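This is the structure I want to talk about, given as structure tokens.
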């Protein structure tokens, strides 16, 4: 179970809101490589992992991704705060306003709702950890795309932090893969019956 | 942000695994009224709520629903542990095995992946809190359906706990609705411009 | 069965078409709280309701929502009539034109096709009627968002009518909830077997 | 707009319920070629048709398909009425019960919710009418599959009626195609600008 | 099995890239009537066709549609090559950039991922061939929409070629339908058992 | 473009059809890690790869996965050939029969249609190649699950071949990753502008 701590893992304070960034940040709130995808992927995969260290890593990182999902949500909220309908329209968010007003919703910048089809839990540890390493690279790339869109330090500071965490996670999943290779030296943990 | 506490909100200890229950429990792990739907719905709606008390309630309950999602996940994992392919087939889980082996995955008993299309964040507080009350009733009903399928106290005890929490949540959302009616005595918080 | 009457429930006559409104009106033609969602939700839920009065209400309102779906469809058609490709592009409808030309299609303003994942029929009367009350609030809020976007009485008159009908429906579903509370004084119509 | 007439287009009276048929009938209530798909397809396509006779045909048939959707819904409801959990489980409907109890819901026999991705409105009359002819053939084939599963006249009589209506609709859409070929003798109604 | 030939079926050489066309071409790369839909539809339907000539036609055309899918992919790639973030934003492709950078992805212009819900394989030959004729008409109409958007011969030449192929395919499927009518003179190949 | 060669990459000859295997093989025909997912993933990613060798590898493997998709399709077709309705029902394929009769369709064993949400093209070469390595591991694991279900050499021989090809592909993608690390020694090919 989780205890909520009333504090963001990294501070967010958008004083110069940018609706263009609000829209694009949705990629990390509800898109294919988003923080919600990461959190649900890791927290569900942990149940079938054959090693305590890997289970603990998935648990740690899954919990941290929830915190990242919250950071991105706060960035979107602060970026839309007080925006007029005309401003939302200008930013291509009129369809968003019609359906969600100023609320935050787990969909990508095109409005496509998050789906668990983006994630996998194959029950095969090597497969799942390799997906996880890819997912961390994908999230890193998405943060780089976002950082390429703005000059504002108010956006860049949390994005830089989030991007760096993905690299750390990637490395930790690399260590999990090493553990799996030690546990299953023949490279195949799924004992074939035939 | 969240701190993980290595403890389930309610203890689960399935010593007599029942694959039939494993399959049906997926309704609460990845189905339309599942705990993941509840957690993401409340944790995302809080960003646009106009009152600190309501924000706090959504935060509390959203965090608790994550713990419930974990409880259901553990129940599924323990219910499938060690099951042979023949047993999985007997329980209608052969297709599940082919794709997920013994892993836990956020899909409903028919294998349909979780989607954010099940939830809403309309930016209209009265609308969202009414949806939340309906969602709690729906989760209660689903737990009742599950309780009607088993005689095992190992399943019934956590299901009874989870069902009762939904009733408490329903009441707390009822209090949020009262707050909203006080804040917006004309029953309409979304100031019409025309 | 239904008899078609060649007449709209409320007259629509758009002489000054507005493609911006065409696009946003799609929220009520194919979006999460749209009139098609309402019609299919109520017309399907009626089959499992335990009371003749509630079944009749769902039937009445479901039938009326079909008429509303038609009104919204006519508004979209008239708003796109004769628009050039350049005008469609200007309004962010070029992708719509590529796939649908000037046809009307049940998708939201972002082009996401309608899905029954937006609706529920839980078999639990209190749950379903509570969802229905939330759905009516959601539709009301969406109409308010649309009314906030235009000054044209050609759009405002039907939108005002449609919004008011949602409030009436909300009240009628409130009466259904009262009936259910009378029928099931212990607040739980789903007899638990254990 | 539509007026509801409290009468089925074809009488249904299932005195010997068959859960196996209940499950399969869902193909016509929420599957890819279902009556809801037909009704929404025709009622939405009519808006962009270039000829009054074709618009009238789409309107007539779309309205009749709603009545067929109702017939199939009643057949499902009567087929599940009073079924015990054990009987539902035996029929592969336990996952359905968990989510929907004894309610009727627009999903296919595998539980996949209806989606407007099954239908099209291309704005090209010849394209749309050809889809409609295919859809009628598909519905005919599905009814044949269903008729091949039962010996009960209580099921066969309405299924036979519904199948025959699809053939009539197919012929009427064939007449619409002839009208289009007359209107656009060069076989291409979509004037190419280049 | 297939042998790749390092050559496009029709040459593409976009020297004056047009991001607006890039976005709209996605309709034929991942939209409802796209070349991928066509290829998968025909290549999968061939398995259940009752006649060698029809199987061969589906195989030929399915293989050609793969080549068309490749042509459209190359057109999109060349149209986005070297585009700056500002240019992508101007063309409404900023959300695309955030998720896919300059990659090509099977989604429609609105970003909605390709789904097999767009296609059918009913096991009923007349139904499937009629769908295929409709699909060819739909692809023709989509190409006409695209041709209406540009004056550039670099785009028009391949689009004209692709459109013309759809008309040829339509005629070939018409011949398949004639074969089926000969094979099944009573118009119904699905022998009804009752 | 592709040339069809009338020959399977590996021979299939099921003389003792097994409907249970037919159903499970659908995981590789339309499920999350299926051969169609692999083919479309690689054939679309190649457009944005920065190196000729990697583009060639994606092209080769993508083309081979199409051949594998065909092999799996033939296995499913042969496994269902001539099956009676009763036999299909016994194998949990009655819902499949209702919608698809004996046709082959790209859906998973639960009937969920293939979707491009299963795949990614991020425009970031390291990310995409890492996903591809994970996808090959996932396909390997799925083939192992399938091999664990049967003793029949008629099934095991092609499954063994297909599984082995995934391991070879995994290795070839590993070589692509090495090339990328040489090309981008600082491990990050996506030049950050800020």
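Per-chain residue numbering starts at 1, and chain names A, B, C, D, E and F are given in the order in which the chains are listed.
By definition in this document, a residue touches a chain if its C-beta (ideal position, glycine included) is under 8 Å from a C-beta of that chain, and two chains touch if they have at least 3 such contacts.
What you see is a predicted model, and the numbers here were worked out from it, not measured in a lab.
Chemist: By that same contact rule, can you tell me which chains touch chain A and chain F alike?
Modeler: Under the touch definition, chain A and chain F have B, E as mutual neighbours.
Chemist: Since chain A and chain E are copies that touch, is their contact same (over half of the numbers shared) or different (under half)?
Modeler: Different residues, largely: of all residue numbers at this interface, under half are found in both copies.
Chemist: State the pair with the higher C-beta contact count; candidates are E-F and D-E.
Modeler: E-F
Chemist: Quick check for you: after a Cα superposition of chain B on chain F, what is the rotation angle, between 0 and 180°, in steps of 5?
Modeler: Best-fit rotation on C-alpha atoms: 120 degrees.
Chemist: Please tell me the distance, in whole Å, between the geometric centres of chain B and chain E computed from their C-alpha atoms.
Modeler: 41
Chemist: Between chain B and chain D, what's the gap in Å when you average each chain's C-alpha atoms?
Modeler: Centre separation, chain B to chain D: 33 Å.
Chemist: When the centre of a chain is set as the mean of its C-alpha atoms, what distance in Å lies between chain C and chain D?
Modeler: Here the centre of chain D sits 21 Å away from the centre of chain C.
Chemist: Hey, what residues on chain D touch two or more of the other chains?
Modeler: 32-33, 92, 99, 101, 110-113, 115, 117, 120, 122-124, 141-142, 145, 148, 190
Chemist: Classify the chain contact graph as line, ring, star, complete or other.
Modeler: Topology of touching chains reads as other, fitting no named class.
Chemist: Could you please write down every pair of chains that are in touch?
Modeler: A-B, A-C, A-E, A-F, B-C, B-D, B-F, C-D, C-E, D-E, D-F, E-F
Chemist: In their complex, what parts of chain E are in touch with chain F?
Modeler: Listed in rising order, the residues are 1-5, 7-9, 30, 36, 40, 43-45, 47-48, 59-60, 63, 66-67, 70, 73-74, 76-77, 99-107, 113-117, 119-124, 128, 190.
Chemist: Please output the residues of chain C touching chain B within their complex, sorted ascending.
Modeler: 32-33, 115, 117-118, 120, 122-124, 126-127, 130-131, 133-134, 137-138, 140-142, 144-145, 147-148, 150-151, 156, 188, 190, 192-194
Chemist: Residues of chain C touching chain E in their complex?
Modeler: Residue list for chain C touching chain E: 85, 89, 92, 94-99, 101, 110-113.
Chemist: If we count contacts the way the header does, which residues on chain D are in touch with chain F in the complex?
Modeler: Touching chain F from chain D are residues 20, 23-24, 27, 31-33, 92, 108-112, 141-142, 145-146, 148-149.
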